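Next up: the structures, one after another.
Both complexes below contain chain A, partnered by chain B and then by chain C.
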Partner chain A sequence: MSLWRQSLEIARIDLVVERRIGDTFRIILPFAVIALMIFSLAFGFDITSSGDAGPGVFWAIAILFGMQIALRSSALETESRRDLTTLLGLDPAARFLGRSISAAILLAGFTLVLFVAMLLLYSPELPGAWAGPLALALILTTIGLALLSTLAGEVTSGLRNRTALASLIVAPLVIPLVVGASQVLEAMERSSGILLWVLLLTTTDLVLLVAGVGLSRPLEEAAR
Partner chain B sequence: MKRVQLLLLLAVLALGYGGYLAFNSPLDVLQGEYTRMINIHVPTLWLAFLAFGVTALGSVLYLILKKERWDRLAASSAEIGVLFAVVGVFTGMVWGQAVWGQAWDWGDARLATTAVMVFVYVAYLVLRQSIEDPQKRAKRSAILGTVAVIQVPLVYFSVYLVRTLHQTPSIRPDGATMPTELLVSMLVNVAAFTLLYVALMAARMHVARVEAAAKFSEQIAGDTVSPPRLSEIQDV
Partner chain C sequence: MAPLVELKSAGVSLGRHPIIDDVSFSIEAGETIGVIGPNGSGKTTLLRVVATLIRPTSGGGAVLGRNLLSPRIREVRPEIGLVSHHPALLPELTVKENLTHFTNLTGDQSGGIDQALVVVGMSDARSRLVSACSYGMQRRLEVAWLLMAKPKVLLLDEAKSGLDVSAQGLIDALVELTVSRGGAVISVSHDSGQLGGTAFTRILGLEHGRLQVVE
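For the complex of A and B:
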């Protein structure tokens, strides 16, 4: 079985497990929507006049809650499941890629619904023809976040303080993605090019992809 | 241990000379005495970059060669790097308060990204503390140490990427944008702080070696033998 097929199979299994549990869309998404409201109320804004803050609040919540979604899939990995896939001859790179693919798919769905909720709650004034560039930024950000969270999930697997530590690792490293994603809309408002920010997002994704695949074997060894 | 002491002595002497130059270099008309901050702010942040680069190098070498010394190098450098980065951010805030009128300005991308970089390496150190098994700790932290370095170019290029209050580098291929005396003073301080980094690294790695030897002895013999005395462990 090729690396790609193995990766897709891992992603498929993760998504099936997620469909059965359903925490992402039943618990985390409603919680994130409530967070959108809390932000607005905490700032003391009249909710109709807080449109300017909408996209920024959206990215902050998407990243912070998205991190929890992406970390969940590696949290579900038990030692016996890991042993089983190793004995089956699964390539460690396929495990990393598969986990990242499933996390990216879940994140894409999550951020899309969250963005619609933000549009409804904040009514921001978006620049013309925003859909394409925003979709691109969203896809690149979710891929990067999925890769980074998968890496952090593996590095902290089995540790007592795993949940808090993985978040502490991901949160500062996710900054290039936050900057790139939020600046896409800002650049469009200023009518300056978005190429620089797309490049920043793409480069970050590529670096994380190469690091994750390249380090997948030591990651597997370290997880035992 | 004598080598560590000698390095520390050299570093102190170099810092003394750097301090002398710092207090005898010309002052900027607008910034006044705060101009002297350049002699601490720039060297400490340069060393933070260097230290985190060494952490990445040590991490990669550990993953390839699996020798504990590279893990010790990476960990020691991260600890010292965090120390220098915190000093660099703090001096930047003091300088910012004097020049911009506020210690923390979100318009300064360099300040914000540097502060975030500190947290990346704080996470690295917390990860190390969370794992008991030395090999597992070395492997996992080597992976994080390799990935964490992606933050360093972001900090460096942040002044070009976003609109920011922070100035771009003063030393450029076409020459420096500051008086020669100030430049010399700053470069001497960079060299002096680098020497301090080397001395601190030597001392920290010595301590790490002693700790590892003591732990190894405990693991092998339990309570049947006494732990090694420091004098029995080979000198640096």
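For the complex of A and C:
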């Protein structure tokens, strides 16, 4: 069976499981929206009314809560479940790609709803023609976060406290994504080009993709 | 003809503590081996080595002609069937969705899901979530998959534990089917009574990680 077909099957099942469990949209998303509100209360209503902090708070919450969404698939995996897919002949690269695809889809939906919530809560003044560049930044950031979190999940597979360990791995490595994503809007406000930041996000995604696919087989061997 | 499974002085250690030590045996096509040992004697570890899920830390061996230490061992994994302590299923999916998922991953286009569910007596439960199935039903579902997968090496880890007589009969039927196709079976248990129902070629004892021939 081809790598691509196995990847799509893993992604499909991951999304079916998520639809039934509902972690992302029934638990994490409402909590993230509450976090948006808590930030506005913690900093005072002046910030909310000026809207300056809105995009920054949005990216911080999107990344932090997004990590939990992207790591949930690895966290659900038991040893017997991993054994099963291993014995079914699942290519570890397909496991990585499939989980990244499903995580990216969930993250895209999550960040979109969270962004709308931020617009309603903070009413930020966005630069003209922001939708296209922001959509691009959202897509590249969610792909990067999905790839990074899935890779961290694979690295920590089989370890005790793997969810906490994976978060520790993701947190520092997510910096290029945070910088790239937040600077796209900043650059638009300054009327400077966004190409540099889009390139940063794209390069980060490509590096993570190559690393994830390339490391998946050695990681599975090392875990034996 | 090369044996289907061969271990040569294989050992697995956790730090300095040996789980299994200096284990050697081979299994030809059509053979069934029973392994009896008390809890903690290394039975599950032994099966996981043969299943290629654990790499021996000393010695070596081969399964279906592939060296256990080689990364190419992954090529033979779809021909190994394992029934472990805990049913390896996706609880959030239905009975039929589990089997469909397995066939999608392996690329098995032969069909036969409905037929396999009839054989194990679960055709009425095909739309039930696995999380809502009893332990015995989950075991039946595993047997249904193995009937479809037709593994060449079948590994049973306390497979009959907690099962009623008819479900135990399904395990016996799976063993007979595997052997009749020229496969090999290893069944481990702490209870010799649970190895009943199968005509074993050999029965081995495992104590403190070391194998002894019982009969």
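Basically, the second predicted complex is superposed on the first by the 216 of 224 C-alpha atoms of A that agree within 3 Å, B and C clash if a C-alpha of one lies under 4 Å from a C-alpha of the other, contacts with A are read in each partner's own complex, and residues count from 1 in each chain.
The working rule: a contact is a pair of C-beta atoms (placed from the backbone, for glycine too) under 8 Å apart; a residue touches a chain by one contact, two chains touch by 3 or more.
This is a predicted model, so every value here is computed, not measured.
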Contacts of A:6 with chain B and chain C, given as first, second, both or neither: second
Partner chain in contact with A:106 - chain B first, chain C second, else both or neither: neither
Which of chain B and chain C A:187 touches, first, second, both or neither: neither
Chain B versus chain C as contact partner of A:67, first or second or both or neither: neither
Touched partner set for A:221, first chain B, second chain C, both or neither: both
Partner chain in contact with A:36 - chain B first, chain C second, else both or neither: neither
Chain B versus chain C as contact partner of A:83, first or second or both or neither: second
First (chain B), second (chain C), both or neither touched by A:16: second
Intersection of chain A interface sets (partners chain B, chain C): 221, 224
Residues on chain A engaged by chain B in the complex (per definition of touch): 151, 154-156, 159-161, 165, 168-169, 171-173, 175-176, 179, 183, 196, 200, 204, 207-208, 211, 215, 218-219, 221-222, 224
Complex contacts: residues of chain B adjacent to chain A: 63, 113, 116-117, 119-120, 122-123, 126-127, 130-131, 136, 139-140, 142-144, 146-148, 150-151, 154, 161-162
Of all residues in chain C, those that touch chain A in their complex: 48, 51-55, 71, 74, 77-78, 80-82, 84-90, 92-93, 97, 101-102, 104-107
Contact footprint of chain C on chain A as seen in their complex: 1, 5-6, 9-10, 13, 16-17, 20-21, 78, 80-81, 83-90, 217, 220-221, 224
